[in-house]
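If you scroll down you'll find the structure; I have some questions about it.
Chain IDs A, B, C and D follow the sequence of writing; residue 1 opens each chain.
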Amino acid sequence: MPTNAPLNRKLRMGLVGGGQGAFIGRVHATAAILDNRAALVAGALSSDPAKSKASAPDYDIPPDRAYGSYQEMAEAEKKRADPIDFVSIATPNHTHFDIAKTFALAGFNVICDKPMTFDLQQAEELVQIVEQTGIVFVLTHNYTGHPLVRQAREMVLNGDLGEIQAIRAFYIQGWLRTRLESTGQKQASWRTDPKQSGAAGCFGDIGTHAYNLARYISALLPLEVSCQLKTFEPGRALDDYGTAIIRMENGALLTVTASQISHGRENDIFIEIDGTKASLEWHQEEPNKMYVRKNGEPHKVYTRAGGPYLGAAAAQATRIPSGHPEGYLEAFANIYTAGYEAIIQRSTGQRFETVNTIYPNVYDGLDGMLFITRCVESSRENGAWRPLRHPKLRR
Amino acid sequence: MPTNAPLNRKLRMGLVGGGQGAFIGRVHATAAILDNRAALVAGALSSDPAKSKASAPDYDIPPDRAYGSYQEMAEAEKKRADPIDFVSIATPNHTHFDIAKTFALAGFNVICDKPMTFDLQQAEELVQIVEQTGIVFVLTHNYTGHPLVRQAREMVLNGDLGEIQAIRAFYIQGWLRTRLESTGQKQASWRTDPKQSGAAGCFGDIGTHAYNLARYISALLPLEVSCQLKTFEPGRALDDYGTAIIRMENGALLTVTASQISHGRENDIFIEIDGTKASLEWHQEEPNKMYVRKNGEPHKVYTRAGGPYLGAAAAQATRIPSGHPEGYLEAFANIYTAGYEAIIQRSTGQRFETVNTIYPNVYDGLDGMLFITRCVESSRENGAWRPLRHPKLRR
Amino acid sequence: MPTNAPLNRKLRMGLVGGGQGAFIGRVHATAAILDNRAALVAGALSSDPAKSKASAPDYDIPPDRAYGSYQEMAEAEKKRADPIDFVSIATPNHTHFDIAKTFALAGFNVICDKPMTFDLQQAEELVQIVEQTGIVFVLTHNYTGHPLVRQAREMVLNGDLGEIQAIRAFYIQGWLRTRLESTGQKQASWRTDPKQSGAAGCFGDIGTHAYNLARYISALLPLEVSCQLKTFEPGRALDDYGTAIIRMENGALLTVTASQISHGRENDIFIEIDGTKASLEWHQEEPNKMYVRKNGEPHKVYTRAGGPYLGAAAAQATRIPSGHPEGYLEAFANIYTAGYEAIIQRSTGQRFETVNTIYPNVYDGLDGMLFITRCVESSRENGAWRPLRHPKLRR
Amino acid sequence: MPTNAPLNRKLRMGLVGGGQGAFIGRVHATAAILDNRAALVAGALSSDPAKSKASAPDYDIPPDRAYGSYQEMAEAEKKRADPIDFVSIATPNHTHFDIAKTFALAGFNVICDKPMTFDLQQAEELVQIVEQTGIVFVLTHNYTGHPLVRQAREMVLNGDLGEIQAIRAFYIQGWLRTRLESTGQKQASWRTDPKQSGAAGCFGDIGTHAYNLARYISALLPLEVSCQLKTFEPGRALDDYGTAIIRMENGALLTVTASQISHGRENDIFIEIDGTKASLEWHQEEPNKMYVRKNGEPHKVYTRAGGPYLGAAAAQATRIPSGHPEGYLEAFANIYTAGYEAIIQRSTGQRFETVNTIYPNVYDGLDGMLFITRCVESSRENGAWRPLRHPKLRR
């Protein structure tokens, strides 16, 4: 299997989470194998051992590797001759840290859903653990996996946009317009529960995606943030709307706005970036095109796989010819695929990049937790500026 | 002429401004007569008397009513048997107040470009003058003239959107990406000159449009503002980018973002409004459609003149069948047309509405100057909250 | 008035048609004066003399020039010292010829709505009359007045698209989905009446617009046509849907499709043009942008007044800066404005172009009648190929 | 594995085609396993035995099931205790028939790429073989797998659109604008070679997709066709552009237009359908939305997974929440998934639908070959009407 050379075999994947009623677990499982480079071989699919084992056949996991808990999985897999190469964590936010820590300390590579941890302290500790253990750590900020998002970052790094001065990032949804959590709907329940979701609701769940997208494309470091969080739906424990202004180190201004209460809006994460030489606009709901504009010139629409004007980053992240839409799953898979390269490098004793990775990593997870934490603090203090500088952040 | 009943004649228009190199003067002149209900009969087209007279033929103004100054025009017209019915002011910002005051005190109705005055004090004084003189005062916040913008306001007032909780208003341009003012370009020069434009640049010129659009559609009163203004183009004297967060009386959050440095962006004023029952989205660059959304239902695209689902306000503001695009001029003309009703009412001794008008009025001008003033203050104080409450503001 | 130099006065317009219930008469009257270069001074607004006179005040026409019939108008105006410079014909199709002939023979320039005549024979006769009298004849195929349509033609003529090989032109409406004519609705009644509309319904009314747009932009001459016309609405006397295939002289294939029975479709005339070097796409409902595409390059969006990449033809046809939408009225006005240049040239004894005009002319009217006639013939003969060659057609 | 109940195991897939340089083979392999209900276990990946075996590891096919030819594969698999459940055929058109016939006669279910065969005679023979052998036969007209396409068909069948009267189907590409085949590019070479592709080029490759989409959604039977095929690229052996008019049994008019020479157009298959009650519009390049329109009502945008207004067919065909784009792969997978239901039913001795299937079947393949054949005949005879009636066609 040349695509996993020099490992010459499929990667073995373990999954934590993904049991009945879950959404994101199935996405991880599907994305991970989309390019036929990995196989899901083990799982701790639920915190309820019986449910975990009952869900295993859905994922084609053999009974002997359907574990009752993630701890059991980590221990058992460690002893196998053919252990998993990595574990994917697709559980509610508050459990990420313990699971990631357990597997990292056991030497396993980790692919973790976002936000990375429950709070900032956990994030800082996880950074230390990842650095000490030397594992590969991938954070599935999946929107960075879109070919045109990678193209955007490459264009910024190449200087095609000049100096970046203004960024407007948004994530607009409507599905929590009513108190869906009061109906027992699983997705709504944990996301609006401070004990599972963390200090922020909407801003932790999706505001952090918009922030990450801005950071990923712009490669600018943040300085400080002023934030307003709102809870519009009466009785809800966490924010369901918010807007933040972030001053960047180079003087640029970034605004991040997130909503879960905008009727009929589905999953509208979009971004506009203004540079001194050109501007960019990309919308996740139509991910196969991106607008690039310069004053006095026709607006340009870049399309996925549209031609040689696209750089290497976009080309690597696409599977099918232009005009055939790729979407959410493919972008998710691109995160996995990029992680696989690092996993294979580590497995075969090669050096691998840990900081300036094309995939979001543990430092991006820290970045996100710092952002959430400071946003919540700022909002409580009437929008006071709170620092976002941190020595561990990467461009 | 039934459309001007019971006046039974065309309205007589005077124009201040609009000489060579001007853009907005021609727009006023064209919009004013689009429905053949007025004629431009007098003008003080430039602050340079010779230039003023030289420009008169372009506007079909007879020599004897081509005045050397607006003061001369006000005096002379007052003495005529067939004086102008109203004056339109299409000059740089810093001159609006004196001109408006002069004509108001002479008893003439005034149609004035925005921002209404140079500063807040002038705005408050002008409110007093308008109230005392009892003239009709129309402010050409032209984007409120679009049929679907009026539809949006009507829907909000009817409660179709429920309680309004979040508004995102934008005005994104790119034409001042370079220091165009250093080339002597007239439009750029006065707009970036604090002596002509006022305390704010981008926010005074276009941010105020976005704010006005939000206020007009939502009919919500403001409470306080926190603002960040930026000057990205080195050497420019006024802001060319900014973002403001406004807390509304009912608890809603409004964000206003304006840019003049976004490459290739032309005149992209757009707004998104979230209510408890539905959400709205409208873009000026495609003004003939508006999105209305409710969770779980197909997105709806309202089109100008699209059918009986539209209310009276939209119907009155459209001339041609659906699918034939109307644009900037027609919206501008709708402001004039609405003003004409009031002018005719005043001329024929009828009562006329002065506060809750369908056209922007002197109170909206005050609103705009208050907004600009507080935004500049807040920005200077690192984003401190500044009050926006004012007894004269209207819904 | 320099814009009418060397005539140095406004042009005087007469209007035939436009009485109560009319749509297109008002459009002509508004478009004609949009740039303040003409004044409507005379009219025969209805075939009913009383109604004609009663409608005159709506158009600001003085009583002594509100005529009871177009014949009376032609005679009376001829005798005046200040006669009209041109007459605009905005009546149902079957009356165009007699009116145009009357005014042409009286020496008046004519601006006529389309289709030009009731049948092909009339069109050929009118060509002769126009040639003999030497008048200016303008046909208001208004969609050719859009700046980006003119840009498209200029690009084709410059060879920017290479050889044109395939064209797809459409005009899709829905308003005649029901038998609106049975309700007495005026617009529907004459358009579906063979005695007023001519041999074709939908194809005469709007198919001919799509065909004209293709001919105007491509500058290709037609060879022969095969056509299918359908009447889907039971009881309707004329076609309400149709599609035609036209072989062009250079081997290109043009398809024209028109519908009046497509639910919810408003006025969707659009065109796609394939050349060997590039392709074009333009939609009337969003007239301020046009797509230009080349394999392997980003799609380009040209915008009205978007920059120096636009040619002279587009630049001349636009009034306001980019991003402020222009629409139907402005395009209509551009046809008038182009006609005015010729009218002034004739009035001042200069030579003027009569064939390769930027505005649609009498030869385009002939072209349209030939197209309609042959389409109807072909459709009756089961789609047999019918010749479209004619010595009078222009590129 | 409940999703394959009552079979209770993954389906075993064999693949013919898909070797180096192939595009569609990889798509089949990926789509087939997207829902983890099948595994690719055997393959004859190339007509060159050495290349076939060399490609096997790319697909994770064990060496002992990497066959040197499809004949060898059919024989060997027949003898196994765990034979493949179905074979997927992803080879050039001229080989489909022999391969399908071989596997069908051996009792294997077949999933075949389109067009189904090289000519009409083969198609008719294959119908007979499928009927005689009783296998499941799925044709991957993949665009019918999009949730909103299935929604469209369901709406038509429910009568939501009323009687269907006009359909406009298009497939516009640009990639064969130059003679790419002369460079040896594999995709271009076989598609433009009459010996591999069949009697039609563009119309066989993509025109047939547009026709199938129209037939699938409308459920109308065809009567006769008039067609114009063109070869614009000099030296090319097959058509690269064409348009066809199809009269349907109920009196409706269908137009099908396909291009491979439209600069910059990528994969733009789209359709507009006019019914007496409503109209529909869907574009493959933005497959997650569909326009539904009724006169006098706001245009409606249906979105994939957008809410309970969608029917069962759409709901079954979607995996992830609304607003996360699904695309080409997911639609392709939906064809497979629907086929799996029938394969499992056959394997477990249940009855299964063979004619009115939700997936395209052998009768649709016949339909396509009949369409291609008659289009080529009609085009050769100057657009003469050629019959499309056939007793085997399904609604």
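FYI, a residue touches a chain if its C-beta (ideal position, glycine included) is under 8 Å from a C-beta of that chain, and two chains touch if they have at least 3 such contacts.
Protein names from UniProt, one per chain: A, B, C, D = Gfo/Idh/MocA family oxidoreductase.
Please read all numbers here as calculations on a predicted model, not as lab measurements.
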item	value
Listed chain pair A-B, B-D or B-C that repeats interface A-C [over half of contact pairs the same by residue number]	B-D
Which of A-D and B-D has more C-beta pairs touching across its chains	A-D
Where subunit C and subunit D are represented by their mean Cα positions, the distance between them in whole Å	43
Rounded Å distance between subunit A and subunit D, as computed from the means of their C-alpha atoms	35
Inter-centroid spacing, subunit D versus subunit B (mean Cα positions, whole Å)	55
Touching two or more other chains - residues of subunit D	175, 265, 295, 297, 299, 303, 306
Residue numbers on subunit C that touch subunit D, as the complex places them	165-166, 168, 172, 174-175, 177-178, 226, 228, 230, 232, 241, 243, 245, 251, 253, 255, 257, 259, 261-265, 272, 274-279, 293-295, 297, 299, 382-383, 385
Residue ranges of subunit D touching subunit B (in the complex, touch as defined)	292, 295-303, 306-309
Contacting residues of subunit C [partner subunit B, same complex]	1-3, 10, 23, 26-27, 29-30, 33-36, 57-60, 173, 175, 265-268, 284-288, 303, 306, 319-330
